[in-house]
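Two complexes follow with chain A in common, the first pairing it with chain B and the second with chain C.
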Partner chain A sequence: MSWRVAVVAELRDETDTARTLALDIADWSGHTAGQHVDVRLTAPDGYTAVRPYSIASGPGQQRVDLTVEIDPNGEVSPYLARDVTVGEQLEIRGPLGGWFVWRPAQTEPVQLIAGGSGLVPLMSMLRARAATDSSAPFRLLYSVRRPEAMLYADELIRAGKLEDVDVSLTYTREAPPGWPHPVGRLDAVRLEVETWPPSVAPTTYICGPTAFVEAVADLLLAAGHEARRIRTERFG
Partner chain B sequence: MSLISRGFSGRRRSSDPNLPPGQYLTEDFPVLSAGPTPRVDLDDWELSVTTETGDVHRWDWAGLQALPQDEPTVDLHCVTRWSKFATDWRGVSLDTLLADVETAADYMLISSYGGYTTNVPLEDLLDGKAWIAHTYDGEPLAAEHGGPARLLVPHLYLWKSAKWVRGLTLSLEDEPGFWETAGYHNYGDPWREQRYWGE
Partner chain C sequence: MTTDSFLDGNAAAGVLREVFAVDVTSAHGQCVACGNTAPMAESRLFGDAPGLVLRCAGCDAVLLRLVSGGGRHWLDVRGLTYLEFTDESAP
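Up next is the complex of A and B:
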């Protein structure tokens, strides 16, 4: 698999610490929702660093969007989320990953559960569904630290583009005024209320930090969901 | 010739000869797995070896512990690009496990509690190159890292070191496992950067 040149066509700040890079990639053959690409940076002295980033855009879009959350201890993410400029060229290869994906041919109910920037590959699935007139029932449960940390807030809530998707939020540090639910880690009660029950036999995609994914997957198993229908992607 | 990102300097530029190409060092122990973490009770735990003729050898937890134990210190290399040096393990060498197993097989398919599978040539598992590991850093191996026991094949990318190992099937034919059929390399040598299919 060879490296290709991607041109940064547009930059969009999503939050104070996350930015979307819209890339033009010559001869891009498309991707499946949930896949990622490797991004390679080369310093002037020849030093290179490669990191995987999930694709946020749906398949079939002209540009490939990557949303990069800054890891303060990271080597690559601060550069991509702060320093990159429009017109700059990056090297990428992919798309990669054949397991944590959703295909429009899937018609079963789908449960998406995101922790923080783990929303990115799930957003690609939501966009893929919207673009293909899929009638697969989708629900999203999205855990964020605080309201300002929410990615794609306009698209998820205000613009109503996903009006037939049940989007639920949970806040771990700070909630908007008047928020009716407890603030803190997702617990079994909230998880049960906000997700498809085991009787619906959804395919569940969980993405987020390791501790979040471990905790949520354990709660789902305890609630009676089948392990084989739960797909996970973890980072950190 | 690579594209240069002028504003990018990077940090970890020490060229450690023990670090395979494209990897970076971490002190953490990140977790990568495709589904929920299986929780296996030691009373129910079992490891089997099945030969190409259908002979089955079984060990329960006490049986595994009764075998001669090794204490390898090895470097780990994950395909997601982190490497971790000098990790301390305790477990049973596959040389010990397979000592009384009659086989003409060239390949092994490793299967796990939870359904994961991976394939490794048998010669990569013998002569002190692989273990069934149950202790990490002096403690029982945590479930998210593959406990009660995982395969440890440190000279290949870490997805080959199947967590929650349950069965080893010897075969005359190579049969790709879970990630190997999902786009990852069939062999997975970190020093040749065999990350994806076709590399």
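Up next is the complex of A and C:
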């Protein structure tokens, strides 16, 4: 699979530290929700850095949206989330990855669990569901540091009002005034209340920082979920 | 090794597509060392080594190594008993 040119067509700030890049890619053949692309940046001296970024948009859209959260120690994300300009060309390779994906032909209940910007590929799945006549029951549990860090807030509120889509939030550092739940790391009690029980045999997608994904997957296994129904994506 | 930071095999999909015509990350691979069989996407990717290393999520043994440079790829898959692919063209 070769590198191809993507043109930055639009930039949208999602939060103080995250930005969506809408890309025009000639002859893009579409993607499956959950897939990613590799982005390659080349410095004037020829040094290159390649990083995977999840696709945020649903399949079938004209443009491919990547939402990039700044990793302060990163080589690539500060550039993409702060410095890149409309009209600029990026090198990309993809779509990539056929495991951490949701296809509209799947009819079983789906559990999405996101930590921070791990929401991005799961958002593509929610958007894919909304764009088709899928009636697969979806639940999303989104763990976020504080209210201002929430990605796609308006769209998630709308999504949560759809029949058979449930959106729950958990805050790890700071919650809005009057928030009825504890603030802090996701624990077994909250996980049990906000996710499908093992008895409905959901397919579960967990995406977030490595420690988050490990902790949530362990809690789900301890609660009786089958390992083969849990799919994970860690981003370090 | 488990204390080091790692990603999933998922993130290696692009590099592996340099070598393979199909997506290796959605194939199931069996670990020679412990017999665990899992999607390669769920293996552990250590990308800080020269090239990339995929390790078994069950026992940490090396499943696959790929080093690229100078217009060549070196692929070592001796940690895998087999890879099982879905035939996308099958009815």
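In this text, the second predicted complex is superposed on the first by the 229 of 236 C-alpha atoms of A that agree within 3 Å, B and C clash if a C-alpha of one lies under 4 Å from a C-alpha of the other, contacts with A are read in each partner's own complex, and residues count from 1 in each chain.
Methods note: a contact is a pair of C-beta atoms (placed from the backbone, for glycine too) under 8 Å apart; a residue touches a chain by one contact, two chains touch by 3 or more.
Here the structure is a predicted model, which means the values were calculated and not measured.
Colleague: Return first, second, both or neither, reflecting whether A:R4 touches chain B, chain C, both chains, or no partner chain.
Modeller: A:R4 contacts neither chain B nor chain C.
Colleague: So, A:L41: does it touch chain B (first), chain C (second), both, or neither?
Modeller: Only chain B; A:L41 stays clear of chain C.
Colleague: Return first, second, both or neither, reflecting whether A:R234 touches chain B, chain C, both chains, or no partner chain.
Modeller: Both: A:R234 reaches chain B and chain C.
Colleague: Based on the superposed arrangement, let me know which partner A:R63 touches: chain B (first), chain C (second), both, or neither?
Modeller: A:R63 sits against neither chain B nor chain C.
Colleague: Could you look at A:R146 and tell me whether it touches chain B, chain C, both or neither (first, second, both, neither)?
Modeller: Neither partner.
Colleague: Classify the contacts of A:R185 with the two partner chains as first (chain B alone), second (chain C alone), both, or neither.
Modeller: Neither partner.
Colleague: Using the superposition described at the top, determine whether chain B or chain C touches more residues of chain A.
Modeller: The partner making contact with more of chain A's residues is B.
Colleague: If we overlay the two complexes on their shared chain A, which of chain B and chain C does A:E75 touch? Say first, second, both or neither.
Modeller: The first partner, chain B, only.
Colleague: Going by the contact rule set out at the top, does A:W99 touch chain B (first), chain C (second), both, or neither?
Modeller: both
Colleague: Kindly list the residues of chain A that each of chain B and chain C touches, one partner per complex.
Modeller: In chain A, positions 1, 50, 52, 96-100, 210, 231-232, 234-236 sit in both the chain B and chain C interfaces.
Colleague: Any idea which chain A residues touch chain C in the complex?
Modeller: It comes out as residues 1, 36-38, 50, 52, 93-94, 96-100, 210, 231-236.
Colleague: Which stretch or stretches of chain B touch chain A in the complex?
Modeller: Its residues touching chain A are 2-13, 22, 24, 28, 30-38, 80-81, 114-115, 144, 178-179, 181-183, 196, 198-199.
Colleague: Touching chain B in the complex: which residues of chain A?
Modeller: Touching chain B from chain A are residues 1, 5, 40-44, 46-52, 75-76, 79, 83-84, 88-91, 96-100, 210, 214, 217-218, 220-221, 227-228, 230-232, 234-236.
Colleague: For a test of understanding, state which residues of chain C touch chain A in their complex under the given definition.
Modeller: Those residues of chain C that touch chain A are 5-8, 10-11, 13-14, 17-18, 23, 25-26, 39-42.
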